[in-house]
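Encoded as structure tokens, here's the structure I'll be asking about.
Think of it as A, B, C, D, E and F in the order they're written, each chain with its own count starting at 1.
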Amino acid sequence: MIREDGRKNDQIRPIKIQRGFIGTAEGSVLIEAGNTRVICTASIEEKVPLFLKDTNQGWITAEYSMLPRSTVERTPRDITRGRAAGRSHEIQRLIGRALRSVVDLSAIGERTIWIDCDVIQADGGTRTTAINGSLIALAEALQFMRKQGLIDLLPLNRLVAAISIGIVEEEELLDLDFREDSSAEVDMNLVMTSSGEIVEIQGTAEKKPFSRETLERLMILGEKGIKEILQIQKEALIDIWER
Amino acid sequence: MIREDGRKNDQIRPIKIQRGFIGTAEGSVLIEAGNTRVICTASIEEKVPLFLKDTNQGWITAEYSMLPRSTVERTPRDITRGRAAGRSHEIQRLIGRALRSVVDLSAIGERTIWIDCDVIQADGGTRTTAINGSLIALAEALQFMRKQGLIDLLPLNRLVAAISIGIVEEEELLDLDFREDSSAEVDMNLVMTSSGEIVEIQGTAEKKPFSRETLERLMILGEKGIKEILQIQKEALIDIWER
Amino acid sequence: MIREDGRKNDQIRPIKIQRGFIGTAEGSVLIEAGNTRVICTASIEEKVPLFLKDTNQGWITAEYSMLPRSTVERTPRDITRGRAAGRSHEIQRLIGRALRSVVDLSAIGERTIWIDCDVIQADGGTRTTAINGSLIALAEALQFMRKQGLIDLLPLNRLVAAISIGIVEEEELLDLDFREDSSAEVDMNLVMTSSGEIVEIQGTAEKKPFSRETLERLMILGEKGIKEILQIQKEALIDIWER
Amino acid sequence: MIREDGRKNDQIRPIKIQRGFIGTAEGSVLIEAGNTRVICTASIEEKVPLFLKDTNQGWITAEYSMLPRSTVERTPRDITRGRAAGRSHEIQRLIGRALRSVVDLSAIGERTIWIDCDVIQADGGTRTTAINGSLIALAEALQFMRKQGLIDLLPLNRLVAAISIGIVEEEELLDLDFREDSSAEVDMNLVMTSSGEIVEIQGTAEKKPFSRETLERLMILGEKGIKEILQIQKEALIDIWER
Amino acid sequence: MIREDGRKNDQIRPIKIQRGFIGTAEGSVLIEAGNTRVICTASIEEKVPLFLKDTNQGWITAEYSMLPRSTVERTPRDITRGRAAGRSHEIQRLIGRALRSVVDLSAIGERTIWIDCDVIQADGGTRTTAINGSLIALAEALQFMRKQGLIDLLPLNRLVAAISIGIVEEEELLDLDFREDSSAEVDMNLVMTSSGEIVEIQGTAEKKPFSRETLERLMILGEKGIKEILQIQKEALIDIWER
Amino acid sequence: MIREDGRKNDQIRPIKIQRGFIGTAEGSVLIEAGNTRVICTASIEEKVPLFLKDTNQGWITAEYSMLPRSTVERTPRDITRGRAAGRSHEIQRLIGRALRSVVDLSAIGERTIWIDCDVIQADGGTRTTAINGSLIALAEALQFMRKQGLIDLLPLNRLVAAISIGIVEEEELLDLDFREDSSAEVDMNLVMTSSGEIVEIQGTAEKKPFSRETLERLMILGEKGIKEILQIQKEALIDIWER
């Protein structure tokens, strides 16, 4: 099988990162992975959810949505249908967990950092791209807090990146685009930190269950992609994060 | 009074137009007026609302929304609050009327063109900027239909543009930014076509009613702005619209 | 063209005002303009919206709705459809602005006056009739406050009235009924005070844009109607408002 | 105990019936029982609910709502709270059942008659007053159908009326007003036909259960009221219903 | 007529009570009446609704719902349809009133006891079965409070039970199952206490109004059923309630 | 660490399966894993979602909910909060995918099998228990279809089971209860078929990312649990599934 855009099976799509994309936000980015494009912003709110009240700890939460015409066919807005898609709920919980795993929440005080991921163009991998971009917006917001004197050190322990892996027509592919994703037999998302540890692994076989050996090979493929993305994030954050 | 960005009272903000901004849509644009930035897309749907069934006529309808962090303080999403803001309803009806006034709906067949205006950064004049950008996205979508052979001629009779005018601290200003708009005594929006006719006039005096003479002067100011925007639209559509 | 009810083009419909229509409310009226009939009530609440907290200022806000069978065909209730019509949002914001423009909000203390306009029979001009009736209900409520000793003087600076004007089959008409409104080429609403100033002007050309000269003529027609309505309001409020 | 309005314990409030109150509806009435006032309309729709499709039978359904300022304190609209009150659901089901019990549904064809009861002023007994008025609006709508030639005979077998009875401070009262209702130990609603039969009986003891003997006495009191209301309805429908 | 399950007309269905059915709740029961099965739980919350704040009095409130497949045809969940059925509202208000009538609310302190009735299998009489089971769950919760030392005595004055009675094919039946209920000409629910007094009586004639004599006979039938159920409750609560 | 219920780290909780628990459903079960108890039903609907129309293929979809008092603290109903929890959406999608992976959807015709999982008592592992129980209900429903002659063979290719694994206080545990789950550093769910293949793997590190080696060990632990559950399912389905 030759991939539509000529990529090798183990090759990720080109990633572009435009920092400070939204002038009104404490942190923001337009991130592009191939034709998938997501605006991520980070907003600082001076309060925490009820369950963290008086714990001296902060929180990071995420919202994820798609513009109606990010998809090839126009998708009605959530508000028109009266509710957010179940899929959106799943994704925003994933983004929140990924980011919280690399931040020292006790260091940001009783504040909530709201991450908003709005997909403006969708071609597969919107959730992984949202995570990869959110990290940038989050880092900017933390840097903003440091400059404001709200915190002394950047409470960002590691970087975190995400990638999809899948099996399409029996070939194991890295970073699936929409067409590949739609016909995948196995679909996997991997979130890992810059210390080489797993934050999240989600592997699903809608069409065909897969063996332990296959899982092993997909993990190796995924780790390769994660490392490349972490390198791109590192370069994009050169002024903020120095490890 | 000196305007924050140094503009003269009768000067519009610089407008930037990035056509084809969303690769998935039949028409799309990122339009910027100063710090106000809106993504507009146009989507063609092969059916019409019930009331136009079997009339051989098409329809244009618009939706308008703001990303949560387009504003200086993060605004919760419509879906979180359970309903679209009344203000959004008002604006999307306005956009629809403006565009329908310059298109020959009987020439596009039983199709609906959906306009989506998503404000990614808000600094006043989001509704007028949305109209100005929507026209570009609409023209692209009509051009797309022509290239597809769905229509022979471009059913765009005229161009249409919008601008705000207002009175702030007793000075009559063109194209108000957010700060100006927030303290305006009189706030007016004007939508006019390239044939010099009025499509919509909305003038509101929240703080202080105004005289007929004031209305007259504000109209003249508005017309000046409209003409400049129409010229910018014309240049942006040089390959599509030749009148 | 001869108007269905035999009126001249520049003639308003007969207006009937029944004050104190709802015994439970501080102010109330049944207002009729031809076959359009609206119940307006004014309710005093001893608190203000958040943004006015501790400002020593009051607020006036309006809600507008139509009984299901006010229309020729029964219209489902908002609650059945799950949301208020966009049109209702637009109208209630308009009513609120109109009334606030003639009241000294700093004189009523930290109170909210709720205006409820419920259309019981609809034949065009429901929003203008709602404004015209709301003023009466509002005046009654302010008078109630004076009698209660909550305020010394009536903080009503001027009266305010509203009228529609439009172009139907190329004729310029005052005070359109439903049939006329449905086929209007240009539709305009004008809200003016008893000092001859404009509070709101909304002119829309769905079918055909109009020239500056047409706007001028429609304004003159509108002002004629406004003056007649102001006179009727004045007589209805003879015991309350003496200017 | 002396009742606030001087009525004897077994006396109903004065009832006023203004027929044809809403010009747009097939049947309509403004009914007043003391200070309780309800607008009832009847609307004919040329279709039936799914479960009656192709059965050659019609349906009668009711909706009940209160204007915000029908109550002494303003009550927020259903649409503001996002749902109809549970109480409203209960009442509209009751109204529907009462009316269906006296109409031959097989004689009206596959049509739905929508009854809308909108309380404009509330002083207790709104549900019974709504039933009493609905019967009038319904009769008008059936008469309308007869005049249109849709039916030959009036498919109204009997009249139906409703009244409340209750125990307040150990006294058994007929037709409770709001103040009495609020402090009632036992609260009962009775719906009966002009043939002296029971359509609905609802007796509730929130504060204190009651004996079989008490039930018996309350029933007798209720029947007295029902008979008086039926007589008033009969007179109001003199031109339509002759039995 | 012979009843499907061979019961005599005046015979109730066998009742099974499984106490402590849900280990997490302060009170709980699985109650079965023939094929109707309901899980009832009682939960103690350390606060009261606003209207009871600082009155030193408690409250009992109920919620009622049906599992989607409790019915012969699967019924969509409330949340899918976006609102609770009107019928559910009616029933949960009924359950609350029934229970409150036998508890001394001033003895439980400022606490709310939440009753949840979830029908897992529905074959008619779900509301009466819910009441009968709720009493058991409530008694368990009150006993729990006594054991916790929150109250000294069991503030349960009497027991309360409910039963349905109806007329099907002109026969007067006790405790209708779903099939009987669906074709009933008269449908009645009776709630009575162990002191022989009426808490609630609801009688409805959808198909055919009924006479005072019929009401009398149905009451007698109902009382017979109530007594039998009270006896079953008494035995089930032998360790808690001794009167 | 000693587990609260005395289990070894690699020991699953005792599982009880009560087949045919809901008499109204084509397939149903009450499944208990320790103190976690779930009612699962399977309902056959004679239509498919739009995207499968005319494909000759069936569908399996799931809904998941918790009774308010399944939890130690009462949880408000979805309908009260106005929306299903994001968590529920995630879980019902998981259940659907798990079941679809072992059924030949082309063999069941254009039918939808609705799976309803209602948790009546929650003590951790509700989603895995829901999957384990759903398989039983599904098998019953498929058997029902076979008996009805709708299908010839049982289109169930394999069995499917689910289990949770996690790290608590640095110990690797199988089948976490609520207390363990609440304090887990790593939380994993594994869904596997009786042919030893993976359908779903979801591993999350909220508190502390984990290494590849840890993932490996948790997988081995999970597989042990899966095998034991598959054996229990096999015995429960002895009359239906014979492989």
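Annotations for the structure displayed:
Keep this in mind: a residue touches a chain if its C-beta (ideal position, glycine included) is under 8 Å from a C-beta of that chain, and two chains touch if they have at least 3 such contacts.
No experiment lies behind these values; they were computed from the predicted model shown.
Where touching is counted per the definition, the chains common to subunit B and subunit D are C. The chain pair from C-D, E-F or A-F that repeats the B-C interface, sharing more than half of its contact pairs by residue number, is A-F.
As a whole-number value, the distance joining the C-alpha centres of subunit C and subunit F reads 60 Å.
The distance from the centre of subunit D to the centre of subunit F, with each centre set as the mean of the Cα atoms, comes to 51 Å. Of all residues in subunit E, those touching 2 or more other chains are 82-83, listed in ascending order.
Chain contacts here close into one cycle, and each chain has exactly two touching partners. Annotation: chains form a contact ring; the order from subunit E, going to subunit F first, is E, F, A, B, C, D. The part of subunit A that touches subunit F in the complex is made up of residues 83, 86-87, 89-90, 92-93, 97, 100-101, 192-193, 195-212, 215, 219. Those residues of subunit D lying in contact with subunit C across their complex are 22-25, 28, 35, 39, 41, 43, 45, 63, 65, 67-72, 74, 77-80, 83-84, 114, 116, 118, 120-122.
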